[in-house]
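Each structure below is given as structure tokens.
Each of the next two complexes has chain A plus one more chain, namely chain B in the first and chain C in the second.
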Partner chain A sequence: MALIDCDDLVFRYPYAERPVLDGVSLAIGAGERIAVLGANGSGKTTLARFIAGLLPDVAMKAERGSVSMEGRPWPAWTIAERSAAVQFVGQVPAQQLSGCAFTVYDELAFGPCNLALPEADVRARVEEALTICNLRHLVERDPFTLSGGEQQRLSIGAALAMKPRVLVLDEPTSNLDPESRDAFIEQLAALPASLTVIVFEVALRPSMALASRFLLFDGGRIVADGGASDVLTDPRCIAALGETSVARAAGSVRAAGGWPAGTPLPLTVPEASDAFAEVRRALRR
Partner chain B sequence: MLSVDSVAFGYDERTPVLADIGFTVAPGDVVAIVGRNGAGKSTLLRLLNGLLQPRSGRIVIDGCATADTPVHVLARHIGTVFQAPEQQMFHANVWDEIAFGARQLGLTGDALEERVHETLVRTGLEDVTHVHPLDLDQARRRFVALASVLAMRPPILLLDEPQRGLDRAAVERLESIVVEQAAAGRSVLLVCHDMDFVARRATRVIAVARGRIVADHPTLDFFGDPALAHAAGVELPDTIALARALDLPPALTPPAFAAAWMESAAS
Partner chain C sequence: MAAWESYAGKGLLFTPGASVMHRANPLTSLIVTLWAISFAAILPVAGTALLTLAIIAFAFACGIGPTTLKRLAITMIPFGIALFLVHGVLVHAPDSVRYGPVSLSRGGFHDAAVLFFRLAAMLAASLLFVSTTHPSDMLKSLDARGVSPVVSYLIASPLLLLEPLSLRAKGIRDAQQARGMDLSGSWRARIGALPAMLIPLIALALSDLDHRVLILTGRAFRAHKRRTVLGAPPDDPGQMWFRRVLAVVAVAQLGVPLLWR
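Let's look at the complex of A and B:
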């Protein structure tokens, strides 16, 4: 049994002509690192909220299908159970802050305190989140005076402090500078391999650094599911999200007749650097 | 024209956030302000649009000193799209949101209709005029915020992370608007972490580190010297990094890289 099962999920916003989720079926195993890619307005955030159990709610219900964790549909979970099982971090970090913490430390402690954990456990969780999200130098700051990137790190830290088994992140690195982003990705990779991470992204670079399985979400359905080299080169993915700069550079070289037939276009700078070096060696032979 | 002269700022007296900031921006410039999280980039934008006042130094926007000009008057000269567009919206539909600024300029009747329509078309929002801005996806909210600023036609635009979270079609639309504004003689300043975007569209880069300007160069010169990007804590655009790895001259865009590669392969 998969950890999370999304079974033929159909959902339509009130008054919308078409369903935004139009039969999504998906099995996610424990420890998977997944990137769900899709264009703006394609319904990624809605899908993310269903997978994280934030939907359905009183007002918004699926027309068909459901999402289950460990075989139990989300509505059967209590909020306390669910919050220790899965954490969702949305796109606007400022909206994620509790609003009742005067320091970064208290914000990180807010969730664990609500689980009524012993103080020593709360402190240990806060310490760990401070390290993973590079927040130690900001520990005494008021969360609402932090920069956009710092708030994003704080909201992810607060989610990690709940020690969830599944982390659902909606464009998690969009506000981060490259150093914070690389450090965050490195720390995420160092978390226990049993942690399942699902990121919803329009940006290719962080997706490639975070995920090993890629899903393309288009027209309310998952239309491609595989590794980076399969999904990122899919014409539907290129149409929605574009290509990496190096893939475009190699594509321009190919258009000018300078790329060997049958050689796939590279996706990352290291891949491109090796591929171009190989082309150069072949030219010199 | 925008000029910043010896500006210093701190949210309280003990902690300086920005110090010794000075630069000018000419009409037609597209200036990227880059640096680490917390370097002071967004604070700098808030000083430029008059939401904050410098502790010392002087900022002049299109002939108006920010110290002597009320924010609502300054808004005619400098328009801002903030990082979180939902924080700058307060109307119940897209049309009214975009018309708000234009109305403040005194536009009414057909002139107002025309201005709003033109802006809606340019930003790709003509089919959502009656929708509540907060019912739109994040990308289209960004375009509503941009449209509400463009409808005022300010000579200077400030864009805080405008490309963030945009898909291919939206990025292409944004880039074409930036290029068009610059070509019309307006100045664009953008805070941006996406160095590929900066490489494609900025004419100049100002790097801020620990509250000070550590570099102010034309884009190719900035990225051509990796020490500058390193000092600012930003990464090199992919095509620059690739060109360096292959000992080719720096290339800001994929076509420029391809041209450099083909030339080197031919020789």
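Let's look at the complex of A and C:
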């Protein structure tokens, strides 16, 4: 049984002509690292909220289908159970703060304290999140005075302090400058291996740094599902999100007739190193 | 950087220290403040003046005298001038006596003095409380007493969200000015510009509210009736009994004179 099962999900916003989710079916296994790619306005955030159990709510319900974790649909979970099972981190860092903590330490402790855990457990969780998210030097700072990148690290730390089994990240790098984005990508690599991570992105680089499975989301449906070489070279993915700079360079070589037939286009620098060596050998022959 | 230092720009009045008010449990400080406010409501004018002086002296003993006095003066001096002008000069009373173009009322001045010292005593007591009690400690005390997390949230969030909201207001003002909104003209032009400022500010605040509800739900807010409290301010039976007695006195000193009449 999949850890998370999304079964024929159809959802339409009030007064919308077309559903934003149009029969989404998806099975996510424990420990998977998944990137859901799609253009702006494609419905990624709505799908992310359904997967994280934030939808359906009182006002917004699916027309058909449901999302379950371990076989139980989200509405059957209590708030405490769900928050210990899955955590969602949204796009705008300042909106991810609780608004009830005067320091970074208190922000990290806010969720575990709400779970009424013993004080020693809360402190242990906070210490772990401080280390993973590199926040120890900011521990006494007011969360609202942090930079966007620091706030994003804090919101992920606060999510990790809940010890979830699934972490859902909605465009986590959209508000970060290049330096903060690189630091954030390094941080993602340091997440516990047992954690299932689903990142919804428009950017290819953080997705490739994190995921081993890629889904292309278009027109309210998942239109491609596979590894990086399958999905990122899909023309629909290229049309919506573009290519990596390595793939673009290799594509130019191929367009000029210099790419050997049968050699796949590389997506990353390590792949490019091997592929371009192959091209050099072919040109010498 | 210590936690309190990061609040300097957030409009919090807390000043760190080791005085008896700083060391007291925040609930004890709160009850003392409420008792002083209640006392100020029933004292005659000389009593409220003495109470104000006593609170200021206590503030100096707690190491926050200059800042308390400055904040009190900034608020009360213009307010006092307005009170004495309105009650003693502008409002015509039966005992008004004309001095050339103005008429002065002894009764009006007395009423102004009653109001002035009453408010000064209440404000001084409140300043003493907020300057010696960190809001975070107050929240932890409430949590430790089993008060609903909602109450703590209602106290904390306005303090924490005020600055982000004012920064956003400045951003909206700059964006609207870049689009041609004129804030340098007459008061009519300024009032006319208000909707262009307020509508996006309110819309964004409501959007934030939606996100914050999701975040709070995701962090198990109100999942249990009581939260774990980290580093709750110390409390003891002596302070608890002191609070109970003072709370009864505060209510009685307001209620007994009413019944007596």
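Just a few scattered comments:
Assume the second predicted complex is superposed on the first by the 260 of 285 C-alpha atoms of A that agree within 3 Å, B and C clash if a C-alpha of one lies under 4 Å from a C-alpha of the other, contacts with A are read in each partner's own complex, and residues count from 1 in each chain.
Convention: contacts are C-beta pairs under 8 Å (C-beta built on N, C-alpha and C of every residue); 3 or more make two chains touch, one makes a residue touch a chain.
Everything quoted here is computed from the prediction, not taken from an experiment.
After overlaying the two complexes on the shared chain, residue contacts for A:Gln96 are found with chain C alone; chain B is out of touch.
By the document's definition of touching, of the two partners only chain C reaches A:Phe110; chain B does not.
In the superposed model, A:Arg123 makes contact with chain C only, not with chain B. Of the two partner chains placed around the shared chain by superposition, neither chain B nor chain C is touched by A:Leu169. With both structures placed on the common chain, the touch criterion links A:Leu283 to chain B but leaves chain C unconnected.
Within the superposed three-chain model, A:Ala158 lies in touch with chain C and out of touch with chain B [touch as defined at top].
Once the two complexes are overlaid on the shared chain, A:Val253 sits against chain B while remaining clear of chain C. Contact with both chain B and chain C is seen for A:Thr145 once the two complexes are overlaid on the shared chain.
Of the two partner chains placed by the overlay, neither chain B nor chain C lies in contact with A:Met69. Common to the chain B-facing and chain C-facing surfaces of chain A are residues 92, 94, 145.
The touching residues of chain B, counted against chain A in their complex, run 11, 35-38, 42, 83-84, 86-87, 136-140, 161, 164-171, 193, 195-196, 233-235, 237-239, 241-242, 245-246, 251, 253-255, 257-258, 261-262, 265. Within the complex formed with chain A, the residues of chain C that make contact are 1-3, 6-7, 9-10, 134-136, 139, 149, 152-153, 156-157, 160-161, 163-164, 208, 211-212, 214-224, 226-230. Residues of chain A touching chain C in their complex: 49, 52, 54, 78-80, 83-84, 87-88, 90, 92, 94-103, 106, 109-119, 122-123, 140-142, 144-145, 158-159, 162. Looking at the complex, you find that chain A touches chain B at residues 39-41, 45, 91-92, 94, 145-150, 153, 171, 174-180, 202-203, 238-242, 244-246, 248-249, 251-253, 255-256, 258, 269, 272-273, 276-277, 279-280, 283.
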